[in-house]
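To keep things simple, chains are lettered A, B, C and D as they appear, and every chain counts its residues starting from 1.
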Amino acid sequence: MHEECGVFGIYCTSEYLVADVVYSGLFALQHRGQESCGIAVNDQGTVRVHKDMGLVGDVFSRAHLDRLPGRIAVGHVRYSTTGQSVRENAQPLVSHYQKGQMALAHNGNLSNTDTLRRALEAEGAIFSTTIDSEIIAYLIARGRTKTNHMEDAVMEALLKVTGAYSLLVMSRGKLIAVRDPFGFRPLCIGKLENGYVVASESCALDAAGAVFIRDVKPGEMITLDRRGLTSAMLNQPAAPHPCIFEYIYFARSDSQIDGVSVHQARLRAGRLLAAQHPASADLVIGVPESGIDAAIGYSQASGIPYGKGFVKNTYIGRTFIQPTQDQRESALRLKLNPIRAVIAGKRLVMIDDSIVRGTTSARIIRLLKDAGASQVHVRISAPPFMWPCYFGTDIPSQKQLIARQKSQKEICAEIGADSLGFLDQSSLGEMIGMPDQRFYCDACFSGDYPRGSLENTD
Amino acid sequence: MHEECGVFGIYCTSEYLVADVVYSGLFALQHRGQESCGIAVNDQGTVRVHKDMGLVGDVFSRAHLDRLPGRIAVGHVRYSTTGQSVRENAQPLVSHYQKGQMALAHNGNLSNTDTLRRALEAEGAIFSTTIDSEIIAYLIARGRTKTNHMEDAVMEALLKVTGAYSLLVMSRGKLIAVRDPFGFRPLCIGKLENGYVVASESCALDAAGAVFIRDVKPGEMITLDRRGLTSAMLNQPAAPHPCIFEYIYFARSDSQIDGVSVHQARLRAGRLLAAQHPASADLVIGVPESGIDAAIGYSQASGIPYGKGFVKNTYIGRTFIQPTQDQRESALRLKLNPIRAVIAGKRLVMIDDSIVRGTTSARIIRLLKDAGASQVHVRISAPPFMWPCYFGTDIPSQKQLIARQKSQKEICAEIGADSLGFLDQSSLGEMIGMPDQRFYCDACFSGDYPRGSLENTD
Amino acid sequence: MHEECGVFGIYCTSEYLVADVVYSGLFALQHRGQESCGIAVNDQGTVRVHKDMGLVGDVFSRAHLDRLPGRIAVGHVRYSTTGQSVRENAQPLVSHYQKGQMALAHNGNLSNTDTLRRALEAEGAIFSTTIDSEIIAYLIARGRTKTNHMEDAVMEALLKVTGAYSLLVMSRGKLIAVRDPFGFRPLCIGKLENGYVVASESCALDAAGAVFIRDVKPGEMITLDRRGLTSAMLNQPAAPHPCIFEYIYFARSDSQIDGVSVHQARLRAGRLLAAQHPASADLVIGVPESGIDAAIGYSQASGIPYGKGFVKNTYIGRTFIQPTQDQRESALRLKLNPIRAVIAGKRLVMIDDSIVRGTTSARIIRLLKDAGASQVHVRISAPPFMWPCYFGTDIPSQKQLIARQKSQKEICAEIGADSLGFLDQSSLGEMIGMPDQRFYCDACFSGDYPRGSLENTD
Amino acid sequence: MHEECGVFGIYCTSEYLVADVVYSGLFALQHRGQESCGIAVNDQGTVRVHKDMGLVGDVFSRAHLDRLPGRIAVGHVRYSTTGQSVRENAQPLVSHYQKGQMALAHNGNLSNTDTLRRALEAEGAIFSTTIDSEIIAYLIARGRTKTNHMEDAVMEALLKVTGAYSLLVMSRGKLIAVRDPFGFRPLCIGKLENGYVVASESCALDAAGAVFIRDVKPGEMITLDRRGLTSAMLNQPAAPHPCIFEYIYFARSDSQIDGVSVHQARLRAGRLLAAQHPASADLVIGVPESGIDAAIGYSQASGIPYGKGFVKNTYIGRTFIQPTQDQRESALRLKLNPIRAVIAGKRLVMIDDSIVRGTTSARIIRLLKDAGASQVHVRISAPPFMWPCYFGTDIPSQKQLIARQKSQKEICAEIGADSLGFLDQSSLGEMIGMPDQRFYCDACFSGDYPRGSLENTD
């Protein structure tokens, strides 16, 4: 279960170590994408970029940052599916066009990529990458031939685009930030002493030493330039539907999205679960990392003590050498080892954020039972996955989704749990503290895609 | 606050992917040393080694492991102080001697290094490294000229040595594991289908897919060879004094040392703290990682709810580029960001495992207050650091130890806490579940070094 | 003095290690560009590419080649001026367009780049690189929207282009090779058992195990596909003017270009020099590498014995750390050390291929005199550089060209030679064995640019 | 055919970029060893070292050199046979001993290694490497326990050693250079403005900007310290027998060894060959690199014109990916391509420096005939290899030596030559300009090992 990307941008009015700030910001967003990353800096119209496959800490050295002077910058961390996992697709995307250079960083997926691409190719366009951002760059460059205002070109370009985009556009003198009319992906603004930053999550503002100002609104376009911060709405009706899965899984607990603390949402999910699916148990534990928050909530609401059930080995990253077949079992234990002394002889409530194929859940439960747990009651802090996402969440095909193929009873048996409960879909509003309002997209659970979001879908 | 090293060894009776198993074991021990690591494998008398500066995941590739066939192996992860941080000092140490090759991996510090070294040099010895292990290798090689039994040579060599050593010696046909008579550093044994493993901590046995058998006893020498496992006691009186700080900080929560669960010890430390230093507060939070366990214990004993106070960025490793002076403050926040939504307006109990210089504590408390905490009551799950450690714990000089320089009241003021409490030294026995017995070394807190441990100290 | 690039392509009718063959071919062309290199392979329509800054031997490993299966491939080695020396500009350029993917490799410089680029940008085009090839790719993609035949699109595209291009275009099922109507840069065809190769120089055919068939003619387009080799002429009048400097400097001695052996041309240059600028001397020596051939020729014609004057250190590459100011003198000696025993007390004729700024020549002569040479008569196997090149030769600005600023007498004095002679411009035809015909471009010496070559120049 | 190693040392009286100078010196000695290299610098008693597998240009960066301040330094380039090709064996060898640290760099092979090693091990010594230098370091350290003078310890140590050693020893305040009593390997001294350098070959003095003073004499020990240069003879009779193969193959043409120019020796070898083995031919060509010099000599003596027969691809280094079986033939052509235009239709004399197994010679001759040579008369500028070398030349086993297995007539047939001639063994003295004296070791040709050189051989 992955999301594609995080973005970070900075505009300063005076000379500043902008590349260093973006570097810190990307570190705070690393959980949103570990495949590739990059920083592009604008030095009075000349854009320099460094990007590569790998983690922020591996891709950038002091020397790289020092070679990126300037006052405006954008950065990106990326996750992608295997097929397109090539260096060419790392962002930010830097393009030369009629007015010089621009750099784009994009979080989210367009839903009408193929249509747009085919149309552009029919007119002779060539593409160097397979990422959506290059399509947007094209549309902007085309628009720009008819207007002197970057903002107008961006607005016009985005009229042709559907889907999810939290988009940063760096031009010669501006940093433009846009959140799509549905507001699928988060985007927020922070203030520095001598400038502004924008980022996918507020935790990156903290890391950058910036003060949170506000979220960018769905359908809003922010311009940061020497006049300061200006705002305009896209020429399209906004229909706010932020992705609910950001609260459940993607975002970091210390972020706040659209006025709602991610950690609080997870706590509430745990509390709701306790009400909806109570259990007779001795201890509540969470599967790190996002299960921890909900487990605390479940414990608070149920009165069952909270405990630390696992140690997660945080040293295991992309470089870890896959174990042989024989060692598969111990490999999971290498990543996530139960604490026997806590677990042995206990009836457990185990909170996780999702069941996708069911195989990992089954393995974790086996570990717990091998460690002596007498019962394992599984509670999932989200409804079951049933539908595809067209907006940037990498959900397996429906064939592989266990909730699509089996009843909850069958799932419970298959993963070896003593009982199983999912969060009710109807309580997602309550989870984010807005019980009366349908202010989110939960299509992956409900199949109910926001009206208009798939209109031009390929 | 660091410890020096972790060790892992394996002996198999049949062909097996021993290098892969050591690799997994070292991953589980990575918290004990991140500076360098290595694996040496014995292929029928020929020892091949791969070691380098860096994390296990960076130093080893599939190709490296494939080039290390054999049936016996030892591995090592190392932490060291800056001066000696050179590739030459990475372990295992492989030496050619009269009977072929041997490889040593050592966790702990000898206390009579200089004396031994000078004596050897006076007879014309040369050293390629500055690590203790080379001295031990010398002593073994010398002893070996007078006996045909490796065990005898090891025993004789260790008669000359004082201090802490959990030592693995790989010879042509054997793996020998020794824990010093005080048992300062942990060492335990696990069973595989076709062999045995030994490791600094039991979490590494889990990672290796081995079943925990028992701890190596202080003063015990284990031999693993084709006859299986045999045990002997060193020719010295054993005086068990395992390092209490393993429970407080070094070891992983999921390890069990000398029959005591590390996690349980930390939980108990939290409970004891709650009794010794109660507080009027709304929430108990822990400073990750080891503060978490004690915080849960404090919450259970005090009835004050437990909460998640911080998000720790686990992507930040050795490659992280140090921030400029201006960014120092935000750098801490990059590593450890408070969750505002939890903290704002709350009276907090914050549990940490130690206060060394006081500067980091001060910064963390400031972060919490900036995030809106109305009070921060600091509770430390250990007594104050007062004395040097000669056995492998890297404690700053006494001048830098704040507890040595100031009263607790002064410390409380300096770090900006609303109250401060340390765990009573007298309750360390209770912490590890042995209230009536003095079965540990707490010299760093008490100055009470185990009798005989410093006899030959330089 | 550098040229920009070498190209290599292969088309096989059956499965074959095409990446390995291109690898060998690029090694043989490495002298044409040491900045970056790359190989793109077509696997039934899917193009995979690996390219990076650095030498062929550093950029490619066995694993890289193994990940590039297919039956058609193109490769490239690149030299560039500093400003554009970025990874993005490495070739082959792989583009996605309406019909799938194409890959381009280009040797030479267009002379109307800016005009073409501006025109494309005015219609909304974006560029990911600053290389000419991307312009050509655009023109082809645009043409391709109107025709089903790749060859037609290529032909139409090249109608808009002026300057030098030895161009390889790899499409889904074809490898197309074009040499511009002037034939500025070389390009030749070789036969394998199961296919064809095309390369900038015939030495690369030898390295690839291919048999030389013939040169591609100026203005000719070769198509290699399942029908075999077919040829067509561009829709433009051909006016053959191959670059004469290929014979003097760029090409390797073992190559044959347009029917003329490069080594023979250099031998003849030496012989002509001997006739035009005789000298009373004891020994003829050549400045490695290209001066060697002409020195042998001068010796043969003059009867003055040939000797080896220098040892060139071939280990010094791009990674060599530049010496401090103090060591500049010894740094040249590190690269090119005179053999004292040969030189001491001798009157020398020293053959070099060019004098650009004069500084290197001055240093070399000083080395020889320090080594005891009594006289140094400098003979240059080319006329003096006077004019810019628009077709891919990186000649310094006219201000820096010593021949533009000073008389030959002044140059002789400045470099410390005892006499100085350049090859007569009028004998360049004789040098390549075509005394009666003007079948080459010598504009850098004469200022006489081929008619039409600069027509659309920016 | 390889030799093991080159050494370079520097002693300065004032602060100087000693690491930079060693770096330049090692570049000039790179032909003596391409497997590993290293530099150790003495900073007032503290020795820092950087060494690794690979070429000088790859192992060292600006940052590495900057981290090596000091006034005394030693460097090393190494070649070794496969078995011992491990990083541990890279030199200089840095050892800690009673008086601090010392660093050794050694060119040559001891002949009584095993005996010495066994004796040391019998007393309990351990070794970290498998190189001879560690044995010498041991002997020095042992001797040093009985004397306050490093020179005395070195002298005493070397009494126990037989074989070839051109040895540099860097102690706290001195650089000591010793050449064994036979003077097997070269070693010479140069002067800088503020100090001295010593090097395996004089070409390294040139590269370092030093002025050649003289060779170190066989059996001489040079000390460089604040008193300047002092000399002493070892306590052993000197019996000068420098390796003749240095002149034939190992050394660089621009070096001068024991008063004899290497290039001149090769020229003379060519002239002698012309007299001993004349041929009716149109052209004399040399196999690069060392065959070139002798070919010029053959041409001068025979009157047959000299020509350039091959282009050698100097980009092919250790990183070159070995070709598949099919491509073996073209792989040689990739490294060494004949110039067809020179060769076609010609009767050639081809000069090479040796025939070892005969396979490479056969391939080269085939290339020439394929390129159209009508005849190939092979002349070898050395006698045939018949005997093993115990002093550092890596000669294959006698079974593999074609000259040991077959008559010259059979060899000629096997390699496909039209005639074959070796240099007469009796003319080696004349080759180095000392016809009346037996001042060299030619045991690899004659089996006549210098008296006493193998006395203690294992």
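Going forward, a contact is a pair of C-beta atoms (placed from the backbone, for glycine too) under 8 Å apart; a residue touches a chain by one contact, two chains touch by 3 or more.
Quick caveat, the model's predicted, so the values are computed rather than measured.
Engineer: In contact with chain A and with chain B at once: which chains are those? Just list them.
Structural biologist: Both chain A and chain B are touched by no common chain, going by the contact rule given at the top.
Engineer: Using mean C-alpha positions as chain centres, tell me how far chain B is from chain D in Å, no decimals.
Structural biologist: Between these chains, centre-to-centre, one finds 49 Å.
Engineer: Would you kindly tell me how far, in whole Å, the mean C-alpha position of chain D lies from that of chain C?
Structural biologist: Those two chain centres are 36 Å apart.
Engineer: Just the number, please: Cα centre separation of chain A and chain D in whole Å.
Structural biologist: Using C-alpha averages as centres, the distance is 61 Å.
Engineer: Give me the residues of chain C that touch two or more other chains.
Structural biologist: Counting only residues that touch two or more other chains, chain C contributes none.
Engineer: According to the definition already given, which pairs of chains are in contact?
Structural biologist: Every pair of chains meeting the touch criterion: A-B, A-C, B-D, C-D.
Engineer: Which residues of chain B touch chain D in their complex?
Structural biologist: 49, 88, 93-98, 118, 121-130, 134, 137-138, 141-145
Engineer: Could you please specify the touching residues of chain A with respect to chain B in the complex?
Structural biologist: Against chain B, chain A makes touches at 17, 20-21, 23-24, 27-28, 30-31, 55-58, 60-62, 65, 203, 206-209, 252-254, 256, 261, 263-264, 292-293, 296, 299-300, 305-308, 310-311, 313-317, 319-321, 323-324, 327, 329-331, 333-334, 337-342.
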